[in-house]
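Below is the structure I would like to discuss, written out as structure tokens.
Lettered A, B, C and D in written order, each chain numbered from 1.
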Amino acid sequence: MVKFALFGAGRIGAMHARNIARHERASLVHVYDVHRPSAEKVARANGAKPVDSVAAALEGVDAVLIASSTNTHVDLITASAKAGVPVLCEKPIDLDIKRVEHCRKAIAGTGVPVQIGFNRRYDPSHRAVREAVHKGEIGPLELLVITSRDPGLAPVSYLKVSGGIFRDMVIHDFDLSRFILGEEPVEVFATGSVRVDPEVGKLDDVDTAMVVMKAKSGALVHINVSRRAVYGYDQRVEAFGAKGMAQSDNLRASTLTRANAKITGAKAPLLHFFIERYTKAYLDELDEFITVVRKGEKPSVDFEDGRRALILANAAGESLKSGRSVKVRYD
Amino acid sequence: MVKFALFGAGRIGAMHARNIARHERASLVHVYDVHRPSAEKVARANGAKPVDSVAAALEGVDAVLIASSTNTHVDLITASAKAGVPVLCEKPIDLDIKRVEHCRKAIAGTGVPVQIGFNRRYDPSHRAVREAVHKGEIGPLELLVITSRDPGLAPVSYLKVSGGIFRDMVIHDFDLSRFILGEEPVEVFATGSVRVDPEVGKLDDVDTAMVVMKAKSGALVHINVSRRAVYGYDQRVEAFGAKGMAQSDNLRASTLTRANAKITGAKAPLLHFFIERYTKAYLDELDEFITVVRKGEKPSVDFEDGRRALILANAAGESLKSGRSVKVRYD
Amino acid sequence: MVKFALFGAGRIGAMHARNIARHERASLVHVYDVHRPSAEKVARANGAKPVDSVAAALEGVDAVLIASSTNTHVDLITASAKAGVPVLCEKPIDLDIKRVEHCRKAIAGTGVPVQIGFNRRYDPSHRAVREAVHKGEIGPLELLVITSRDPGLAPVSYLKVSGGIFRDMVIHDFDLSRFILGEEPVEVFATGSVRVDPEVGKLDDVDTAMVVMKAKSGALVHINVSRRAVYGYDQRVEAFGAKGMAQSDNLRASTLTRANAKITGAKAPLLHFFIERYTKAYLDELDEFITVVRKGEKPSVDFEDGRRALILANAAGESLKSGRSVKVRYD
Amino acid sequence: MVKFALFGAGRIGAMHARNIARHERASLVHVYDVHRPSAEKVARANGAKPVDSVAAALEGVDAVLIASSTNTHVDLITASAKAGVPVLCEKPIDLDIKRVEHCRKAIAGTGVPVQIGFNRRYDPSHRAVREAVHKGEIGPLELLVITSRDPGLAPVSYLKVSGGIFRDMVIHDFDLSRFILGEEPVEVFATGSVRVDPEVGKLDDVDTAMVVMKAKSGALVHINVSRRAVYGYDQRVEAFGAKGMAQSDNLRASTLTRANAKITGAKAPLLHFFIERYTKAYLDELDEFITVVRKGEKPSVDFEDGRRALILANAAGESLKSGRSVKVRYD
């Protein structure tokens, strides 16, 4: 059994706690949160112990799951890696690329696996698109189109500290692009508008955006983004190549189709948001991490992937300001 | 925690064992199987104890799950009910309506809940069709069309003791019809052919069949059945009424769609068979049963439902022989 | 140019008139209707001449299209065939099998082609199902399921003289079954209810029905029928065989799909009724007939097909009364 | 009857000739082509007269359809307008914006209607998307995503004189964007690659491209483009707004769906190319033009629309070279 410490007992932390507690090869032993009652509640529900410090959390555990607020990630990754404890950390590593670089250097010699929680890589449908591409079923990839729309705008208080739409939300799609491309984007163009809520504009951010990227091979990527889709969480991928096309579509709670005097073909609603849509993805992500911990393997999505997604998000932010395509360097 | 005894440690028994062991409000304590090594294996995998007799299995448990061979169901239901232990029993109750009647009388006074494992009632998609009907969304039900096709023919050794296509396989669809109709079929017509394997004909059985039923209200039901669908387990329901239509469709492992020079629109394969297709249904069925046990409630699908489905299956068999529509009586 | 006389200038006659007038290899010269003003109107709109008698209509024409009321078909077919003029006649030939037999004998020696207007055979989608079957793509046919629902109940005045649901409406599906089966149904079972309008019951007819047929090979056919589908004209075919499945679906005016806060996946409405749904089918049917006339070939759907569909409709009516499966003989 | 002269008797000219000849309110009288035998053939097939000069073609006609090579459009529009004859001209007006400006001035005072053949505006499915937007069904438009992929690369000889991917092919999508937006794009970004054939690169052109545009309101538009889709002509539109989404999809020759041991859900192939896909669109485009001619109305898509689409295509070309977003001015 892999013994886990959990950092962060908010909504997503609670979900990870349940997943760990129910996993056949894992158990949750410590929960740490700056808000002690949250830690207590999550610990109690999952047979774990709330602890009062990072050091106490790390004591006697085999693995760490970091689901605390973004600005704590770097310190927790560093502390865990230095303590020799493998890490599964929610995205993003940090909003500041300099802190990410610093962390990279700090953990460089440890050899401790650090897996980044880019959940979409584990979604069976997006993954099936990636497999179709990598098996050559659609030939060389030429166009990749990603639809990424949240069901509703997060509270302004959250948006203020979110790092902006590219580092907070589209970072998932930057990672998904790299995952499916199998190569690096070398140029990024981004544009955006404030269409959902004028408050977003006051934060010098946008809520509606389009990104275009070009990879080394000449493959082109498009991401279209909205902070609000009234019909639900809209997550689709379309990969087009010389020999064909592979698409993933949204998930629904059932296969119900309805017809009446006014409508035909109406489907069951989309699954609400990431916790519901990516239920299986979170389980598979955890499952891979547990294998990584037990076998000491390198995770399939690691610190460097988290860093590169942030570099792309930053490039998009720069392009949004300048109106120019930005060349990307990863070194 | 509801403590379970499991009877039967074959493929479906093993699945139920896992579901019980992982359920938050349940634990598996005893496993009984006439084949002792099977009981041991399933017990070991789920933290339970293999036992050597029915009596030992019933000792100290709160609930029983019967997944042993059909001819043992009646005795196990009776023993459990007499011991005051609630039962969740796989379908069918028995192949012989007389033994079912006998069992009914034997357990009549016990007041012990007996739930029958008609898994399809718990499938979110079929259930959504039922809800559309029962909420009046499609108006009075007029036509109900059920597609019921297994991915492949079971071994002839199994078919020999199966009770024939109507009592073994279509019994699910008879129950599903009653579930969605919300009333009783009063007439049954059935016809069939041997199209998959001539061996089936030697057993005086058919492998391809069509059923038509009429309910009291005049609503009509059709079931079409095959023991083999090369493209996979095909389970669909279509309910049509005065105000509209509701349909459930098959499930797939992903939402992948593919196109190439030869095909367009190709989807991910259907989930293989009942264990895969009805994964969530089995969990929800168990969940309901656990609530039944804890609260002493009547299950939503009970002994009488099992008996009535068998009466319909028998009527279908009779119609197949006679070429006539058979009137059904349930008393 | 093939010169046509048209009998019957009602709604469907007017449609045929337009199709003939616009066809590259045909022209409409005579229009006859017992209601002279209708004949005049249709003639005027299509550059033809209204005439006052059957004899006048037949004079100097190469072909006849019969779209008058059912009870006139037999006399018009006979008169045309005796005059040596090829016939395209709307279904059914007649409601009375004795009159059909009489007509068969009367025209037997003429050698004049008589094509019956079973439009569904020419629908590209149903036809594609037939081709998949006949090319062996789905292996030997085992189950054929036909959905046949009209958008709304015809006026009671029409229903009175319609011959009942099987001879008026389901006759199309009996023909379509034979077309796709490629062999003869040998047994018919039918049942039905009055669910749409009690007036139908007063006519000793039903408005909701289910048919099951068995073919010589053992292939099974199901047809489910309603006189009213609030969501539109519902016409689907599903052919299932040892190697796979082929399905045809409804047509819509556009490929629009809509989503909003209440619904997702909603499609454009179904095409309203047979004139709209089978637009291309009527053109292709006419096109085949013109080729038949010019080349003196046998039509792909002929008098005998019309007769056999009626025999099946009669068998269904008999089964509805008796509650028994009816054996069918075609000689 | 509106009497037409046709300029250009190539593939698309021949199609227009047939459409005119079969139209109830139109007839084709003159056909002119620099290649006299082509003019003769098309004239003969449609009951028209081949003529030897533009002047002869214009004599005695009510309308002109220009389907000759792009470099002749401006002169023919000018000659027709000066002769007072309304024009329906295939896109683009010209490849050179200066010649377009010159033409605009030349015909400014004539008041003669000039309609541009942007066929996609007349496609019932794309049109339904536009209507959903314009009726406010999806609320204010926020994201518009257009998929535009040809079935196969045109011959290099054609590509050489085509004006490049944006002016030749994507010009349709620039127009479609304006049609659905209902407002003007004010910024254009474009990027592209040579992925289909290196010969395209030698022409200083691309065969794979992505465009992003921003409209005054902040609505964002994306177009993804390939000169080759092995699965067929792929033409889809997705409009997303504050209250929902409307999408148009591809057309197929039938509604056939197939399943076998290897695939499920496979659909009938996409309609091959623009002549097949936009059959109804070409008829409706012509129908509108005939009404314009008869009633002296302004066409819904006119010279100015042709000019603005070219301005957008030029801006895309400029952006492709510079890597910057290009601000668009229409005056």
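Brief remarks follow.
Quick note on the criterion: a residue touches a chain if its C-beta (ideal position, glycine included) is under 8 Å from a C-beta of that chain, and two chains touch if they have at least 3 such contacts.
Since this is a predicted model, take the numbers as computed values, not measurements.
Steps from subunit A to subunit C, taking the shortest chain of touch contacts, total 1. A count of C-beta contacts for the chain pairs B-C and C-D puts B-C on top. Relative to subunit C, the most remote chain by averaged C-alpha coordinates is A. Centre-to-centre separation of subunit C and subunit D, using mean CA positions: 40 Å.
One simple way to say how far apart two chains are is to compare their mean CA positions; for subunit B and subunit D this gives 58 Å.
Multi-chain contact residues of subunit C (touching two or more other chains) are listed as 230-231, 243-245, 257, 259-261.
Within the complex formed with subunit B, the subunit D residues making contact are 230-232, 252, 257, 259-261, 263-267, 269-270. If you check the complex, the residues on subunit C that touch subunit D are 22, 124-125, 127-129, 132, 137-138, 243-251, 253-261, 268.
Note for the complex: subunit D touches subunit A at residues 140, 142-143, 145, 147, 149, 187, 189, 191-196, 208-210, 212, 214, 218-220, 222, 224, 226, 228-231, 240, 242-245, 323-325.
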